[in-house]
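The first chain written gets the first letter, and so on, giving A, B, C and D; residue counts start at 1 in each chain.
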């Protein structure tokens, strides 16, 4: 799938480095490695002995954090960073994270990946108690609850622990107080969160292990579902009170699409999972063909897996233009087909006169997919057999993924055969739900959320959104 | 006085324009006219039928609001704008105003000029109730209290009215709800606030009347000290419940330095007040001399007044470079004398061989002043007699002016004779407190705050600051 | 006159500083002081032992030269800078100066203020010899001729001297070779050029003495009309071969409008000249009135002079907004009257109920002027008597001033009485040509060009322009 | 090879589109597709009926050409674009192309890929005739010669044809006159140049066919070595007078590294050539191993070829971070190993416990290569066998490639065995010169330049550079 169609909401990165002072640089590299998890905005907070220096803006890490900005952030022993992907409506700078707030016992910075399913209820209750909200982000609700609990707690970690009794849904959260970094992951473990250590004794927390690699930290282990870990000058302390309260349900789409192939999540290597997804696909939907190609970047790994299982040679089918960093000028009078071609050009010599197996990770609306198939045919492919490394999307996601409403999901309105016809392929095969659960070789006890495929939500799901409630208030007001 | 030495904290501008949609443009012009009240950051919120579009950033209006930004703000029937001057520590983008918050009954934007003297106490109390703070601005405290009162009020204006029972000090506040603009001024009337009307029926609220002029609105009148005025599609409604609760105490320094000469505040024309300040100075501190000159820009008017009263010819003594809009590159090895010269160059032909009366509006630390005197002597002035259009600063201001601590005020540590010697003048005369109270020909009943000169504070003054309290918390934490 | 109506084409600044290395900083300050001479583009070339580091861009000095850019320019013993005002058509970055070229004997940078009247002929001839042109600037023609002469000259200064046999018109030129700075001024001395020396032994060349002041250099003297001065490590050498070839004809409008009041040009103080212009006006066009005001900034000095001569009190009539540094957003639906008001707001208390004498330096098209008069009447002025510190513009200027074609000059189409009616004043008086020649108290032998007023051009004038010739070529091509 | 180590100097794009007006957009897309050929600066010139609108700046296409800039370029029937990779010394904006010049018969824009080997001699001769040079680019020399020939030619194409008698070396040149586009390629055909046609009848010229694809133009054919093609409203005309004058010598490194895999050059598909390079490598340097991986991006294709030939499975060995668009903040205290890891992270699961064949396209200095090998070993590779898809670099390139001096080429100082030890591999094999000549299946008669490998230069080579000559002039001057 070409990025932009499906969006995950965040990547987080925290570092505690008592020995070095260059935490802003390290966080910069870490966010850079997590850039694929969010390209709308980014931010870094440096903690210099209780004084927080913050910089956040819209844009990618490489644009927002110029050398001057990094220098202005100064030195410190801790830092917290965040990359964010938001929906159009909330693209304002004010929603950029980490969020820095002052509360009764000091300062606190929060960075969060996930989605609180009882956000509307919690916010309503807080508003009724007089709370004001600067943002539309669930992070602000979490900040409020931690603050309220902090009033009657002996420590910030105790407040975070109590907060977990209130917030439901998916959260991989890092909180920075003047003296501590606290990592917390929801009991379902929807979103990844791990930590590592560097040779000089720094602790590093990140959404994915590839960010640890980027600062030469060794992966220690994942934060367990439900676990809270405190990092401070005395080392690390784990609180597992919330662990095991429910079955884990790691988002399987992290393996299929979101995560970087070189990351290892809950024991499972993302690249291996994608190779296996390709192999399962070959087993479930075999076809006679001459070449297997993948849609860059996330279809490549699975294409290799399909090739290995099927014996059909693997080939490079497309060149993806690597220089699109920011808003791309819309082609105006040019047809939208051309727009795909600007990003993705087929290599005719690979497909000409051949029966092609085309691997992608998903079909959302089907329009981009149809254009890609058309490009292949124009390049001379005699047959195009599409294989998708995940089951069809049939249900919305409430755990931090921007899967559009049912109306825009092609699989909700059409059968597989119809979709094949719409996108113009000779055959189409999706990976089965059973198989997609088997692609990752994870740690013992890790189970997956496949709700977007099978509708089996591991938690209660929200009934109203804050936005609908706000619209209602507005109309009452008139 | 060369700008930068003394800072006032804000200018506000609001517009309700049911007939036109170009409220973003109008607010841009209004803020542009108020730019002298704050050059650190600026912001505009456009209210499009309950949906708020906001843009805020560090920098002056002309840099922050590019045509593209104004266009992105879109159309609406109301808008609220703000220019801000902050102290160094709070220069972050997050303190830029207007502040937009969501609360239990909807959205609200606030823009504020002044300083709440019981800010620390109010904030502490709110924090103890679990409030979180994104900023260091007293505007956020006001927002909280309005929100809390809104819970038990029938309308936003009722909540604003009740809020005035809690907040002490100086505030000229404009609140924008989805359907209303509400202007409120503290009962002392420390900071100016007025409103006007345009030919097409728009209402305009502004810190100074010069901003009304810039959008061709006619000044209707000032918001009275203690008054709350609601502007909506039904017209205007005034609430005077808080009026007359105390003697008015308009900041006299608005006339001396802060306001633009073409503004009329509480019935008094600023330019006339400065002319009169010059005349009083000539009466109190006459001298035999050949030419009267003023330090641009705020000393010019008084120099004309001194000249008229004394009969000594008025002359142009300095050229001020008009092209310094932003951070100026520091001269490195160059002496700081040169830095003054880059901004202000004497016209030798005006002063050469002459006894010069030099008019400025204040002496803060005395360093800049000393350099200016030195430039005049190098240009050939045989005598320099300095006259200051205000009494010496002896006390800190708690009402929204950044007058440094006593340590940095030259008049707190030295007699007038000593100051004269330090800055190198042949004679030095300050305007008396009695006279400075008489410079403005205001509406009946308007009295002045001269606390920075005579220490007579019209309200209780704060005992601790939030910052000191925060430092304490941090040290407890270690 | 409000800036923007009339444009001069440049300011130049050069420095030779064997003792210090911060020539980029000094040039930055110097250009900053010359900013009024050109706000379209600017540039600095630093000469580091024969290696030239250049930065040029569109925009004002304070925007183009960020601290980073200045730092990147590095250190050196010489630098050359330029500010430029161009007409709309030539606003491209490629016309920014200084121009740096490589030629047979090395490198050369040129900065130029003025206009070569035989530019078209020289360019045509060069083109016929195979020359290529990157710009539309006459500086490139000068560069070619110096280069051609350099081939048969012993030194760069000899080449510059020979070049003066070819180029006609107005030029105040500074050439920087790897080891020398060379200043040259046309024999008529149309445009100013002077030099000074600092305490540390640096030589500084500038269009106006105010730029010398900004780097604490003492004005030594003006470059004489026709003189060539070489500055190098051995000191200065003057070549006066071209001096005295013709009567001097310094542009009188430098005193009336272009130059900064604190500058001294050819012995005449600009501020004094403007004071005298006001006095002459009072003598030539006396009137019964209550107040004299000037249009900021260039009408202010003359208003003081008129007041002194007439005895009518001087007052501040307008506040000019100081924060317009760059392109100002056009008011869209707002009338253009408002646009003037955004920049210039009358002080009602100064003019209300009074007969006003309004001093400005020129009337070009009359539109801006008419709006200003209207603002005064709305502010309550009972009579407005306009006095202009120069005679009417009747002829185009070929010496570096952008005085529009006759069609757009109001005085070419209307009598003084008609103009008074058009702009809405009760009386109108222009300074006579005889008097304008007397305003500056210059060095002996300095005479003035008043061609724009009386049509007496001191040199031959061009018959065709390069642009018209180019259009012709294009049409031939079709 | 990670980009940045070796640089080619340019990509050109021209369009003649009588039917549409959106030539700026098309050129933008075309340059975007050619971005890999130069990321230092870029530029577009739009030809609107003889009027040229130009924009050039440092930076990549996506940063330089904002929507506003594209809009300002306006409409036209022709456009010329360029992307450039320069060496450090010449990174200034002034060297950006296309170059626009005015000459005796009108205007002309030039964009050029290659390197003129007799540049120094030609420039010296021109300088001796009085020419001035604004740039250090050989394009300016070409512009001069065309201009000189134009004086005695009936048409611009005749002048271009005559120019080819003077300039030696590598040039793929596009010249735009007010009414024509002219493409010319040197008789050796060192650098690629092709053209195509769109459905609406536009002609498109580009360095590589991938740029034709991006604007939906069909590749017609390559410009032949020595051919000149004129495109105007009457269609196309070919001049083959200079064809066949010498053996063709297309740069073989275009196939190995420079060109995009989806391009077809002189009949040879780049991707196929790289696959074949991998196959030849497997034949020449077989090894027992468990996995074949390629260094992204240019080693990927050959790794697939090696895998196919050898039967060893192909795997994804590295993830390359896609978000590095611009200058990357240097890691300061961090080791340079980390810097490689930020761009390129190994996938441990692919290589752990395996014998790895690592394919890259070249080894320049060996440092980056050594770090990559180290990363693989840290990720658990038991053996690393490096295979390089080209012979060792032993000689400088004079035809437009920035291959450093012999001193920095590791292969000039060390044997293959020594290099293997330095970079830390178990075995090392380079493709032979014989084989590299066979990788591309080109049109009949196309032969290759392998001078950087075998020192057999197809033309005379330069003896002095302009830079050395300039340094000499400078020292003479002292």
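The rule is simple: a contact is a pair of C-beta atoms (placed from the backbone, for glycine too) under 8 Å apart; a residue touches a chain by one contact, two chains touch by 3 or more.
Quick caveat, the model's predicted, so the values are computed rather than measured.
Each step here moves to a touching chain, and the least such steps from chain B to chain D number 2. In whole angstrom, the spacing between the mean C-alpha positions of chain A and chain D is 37.
Centroids of chain C and chain D (each the mean of its C-alpha atoms) stand 47 Å apart. Centroids of chain A and chain C (each the mean of its C-alpha atoms) stand 59 Å apart.
With touch defined as above, chain D holds no residue shared between interfaces to two or more other chains. Checking each pair of chains for touch leaves A-B, A-D, B-C, C-D. Of all the residues in chain D, the ones that touch chain C in their complex are 50, 54, 92, 94, 99-106, 124, 127-134, 136, 140, 143-144, 147-148, 151, 178-179, 470, 473-474, 477-478.
The part of chain D that touches chain A in the complex is made up of residues 20, 22, 25, 28-29, 32-33, 35-36, 39, 60-63, 65-67, 70, 210, 213-216, 260-262, 264, 269, 271-272, 297, 300-301, 304, 308, 313-316, 318-319, 321-329, 331-334, 337-338, 341-342, 345-350.
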